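To start, the structure itself, in structure tokens.
Chain lettering (A, B and C) follows the sequence in which the chains are written, and residue indices restart at 1 in each chain.
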């Protein structure tokens, strides 16, 4: 029973990280129908920036966390305006390649600026655990979950209650109609990228203490995030979070209780789960099957 | 003959291939052998992405399947390396088909994501069963040596093998692409709905395209293993799959001869041209060109520039921009192009 | 006095297809103008030429400003409210959220006045807009458009898919808005009868050109118009 709860909390913690990055992917996809393959590297890059702000040190600085969110936001918006916007009307393949190019550039840039050497990234949470009724709940897991969910909640409040958030939602639903109402669609895309980048930064900073800071650290996380986003239905923000949490819990449970599933198989298993879900529910767990006008 | 593409181009290519080992050093010839093998891989990926419109970010894994098939057969079962080439292709092709069956249910972005995970999953599986695959340590293949009673330098022998295979696969690709199946593929690419309405089994076409492209990559992978004489799980990372995709885009997706340019790029960019470009740059700006990551940055920036300037790749430039294929042309704002109820 | 809206020799194309061949028309302040014609005549394209959602050339002057190169966002901010065919409702947002979007460019949207014209919206505010009936959606679209304080309201086929009684109600509200608020209206309609009943003037488009122009009365008594569009 103890292991169950421990595995559950670790699963939720991992899942929140996947979910946050998945949400970033969904935000951009909803607004522009482009999958941002560079989302993981953007997260990685901003995490390096946080590390630099913290003076490469061993203690986590909250001011650096928030500063990084801001930098990520501006960076994301800037990337959209400079790199992505010119290709707005290009083919899908070109758009995909552009985000891949971005992925490559950011990966190389990180290695160039900070060297590919493994670095230690501090965690804001202590490594101890709470003991509740004999169950050990890692403060790190709980803290990660809390921080990520808090960020997601704030974002949700923004979308639900502010004029700009409403405009972004409307713009994603029906960009033509939104423009007729005076919404500057292009700026909103930049905002979308900005938010996505900030979410990615949260993901990166929360996962870095465990996987250590290297230029390739987000690649596996990105896959899990993709899987989570697809599980949730690529158009559903709620689905992205739910998908992430489910995936995190499921993978940890499988790893703990099903013995052939070792760490090397985590990724193939995730892919397998994804394929199975999609065969049964092609639009993901929360997605709607889009009826296309012929 | 029309079905095999421009006969003059083919003739020129054959002549160039024959002449090259006499002109270049052994090392260069060895590199050019890899160009031939990448050509096969890119032809395969082009069939799937350029002609059928399915974006795959996982075809490096099919190369890996071919490579490991060859390795295991040669090392553990003593099969002659040349015979394993088609076998590697077939193994990869079967897995490609198997993947293609469920994969056709996914539309564009979903498919791209699923394929993005294939190489990572493949690596995981390789590491999980070391008894079979040699795990992290990998496996070594026997050194190359020339066969068929011909005594020559292993590099040249490898070059010959690769290009014989390439020059067989190239016409094969043309046959596939120019025939009825090719039309079906292109109809799926250009408009799935219209294709389906015309009786084309889109799922069948996509699955078959997956299988065929995997076969080509498997063959290339077998050649790769034979040439490198060593495989391990890190030989076929996600980078390779991305590089292949970049190769077809730069060569010109939807063009088969363009893949030659793509193959040249894939082989040389990361080794020679990247650092050469950087050297040029560093003379102006004094940057440390041996820094890790700098090559990647150059590669990425070049890719972006090409995407802006020449989205149809080298083939597009050769054709002149007027010949830009429709599916690569700018996607118009639907409200601007849909007359609707005028 | 210059017209509120003036199109001079406007040509519009969708890719290679030319939909408008040099259309010229005017809408004066405070009047209702009907734009009639068969399917494919270019009525929707004309509205799009004003709002900037189609590639056009020629002169489009609104309130003295040249808008031929303007993007839809800019045109909207100049005071043109375009209710496109299909109404452009955000189906997944609530009625209230749709209204808020209508007031996007206005600093202090006047919800009170709007609710005065459409009182039933108040009780439906949290209903998902996609679940409203066709007539209700049309009313919502009108309310939304009105919230942006436009000087010109452009309606594309408001009667589409609506029962005659609902259509009459829609036009009653449009007329009320026109008379009480001085809102100019350019309405595209296939239902010529109901459009000419509300409008002061009208144009008839045929294959991208103005075929007939005149007051509503003139058009109603015009033999060609009567047989082709009014059915008697």
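One rule holds in what follows: contacts are C-beta pairs under 8 Å (C-beta built on N, C-alpha and C of every residue); 3 or more make two chains touch, one makes a residue touch a chain.
Given the structure is predicted, the values throughout are model-derived calculations rather than measurements.
Innermost chain of the displayed assembly, by C-alpha centre distance to the whole-protein C-alpha centre, is A. Ranked by the number of C-beta pairs in contact, the top chain pair here is A-B.
Averaging Cα coordinates per chain places subunit A and subunit C 43 Å apart.
Between subunit A and subunit B the centroid-to-centroid distance comes to 30 Å (mean Cα coordinates, whole Å).
Here the spacing of subunit B and subunit C, counted between their Cα centres, is 54 Å.
Shown for subunit C are the residues that touch two or more other chains, namely 53. Residues of subunit A found to touch two or more other chains are 176.
Across the assembly, subunit B contributes 332, 335 as residues in contact with two or more other chains. Within the complex formed with subunit C, the subunit A residues making contact are 163, 166-167, 169-170, 173-174, 176-185.
Those residues of subunit B that touch subunit A in the shared complex are 49, 55, 57, 102, 105-106, 108-110, 112-114, 116-118, 120-122, 124-125, 127-128, 193, 197, 238, 242, 245-246, 249, 253, 291-301, 303-304, 307-308, 311, 327-335. Note for the complex: subunit C touches subunit A at residues 51, 53, 71-73, 76-77, 81-82, 84, 88-93, 97, 100-102, 104-105, 144, 148.
The touching residues of subunit A, counted against subunit B in their complex, run 29, 33, 35, 37, 83, 86-87, 89-94, 96-98, 100-105, 107-113, 115-116, 176, 215, 219-220, 223, 226-227, 229-230, 234, 262, 264-268, 270-271, 274-275, 278-279, 282, 292, 294.
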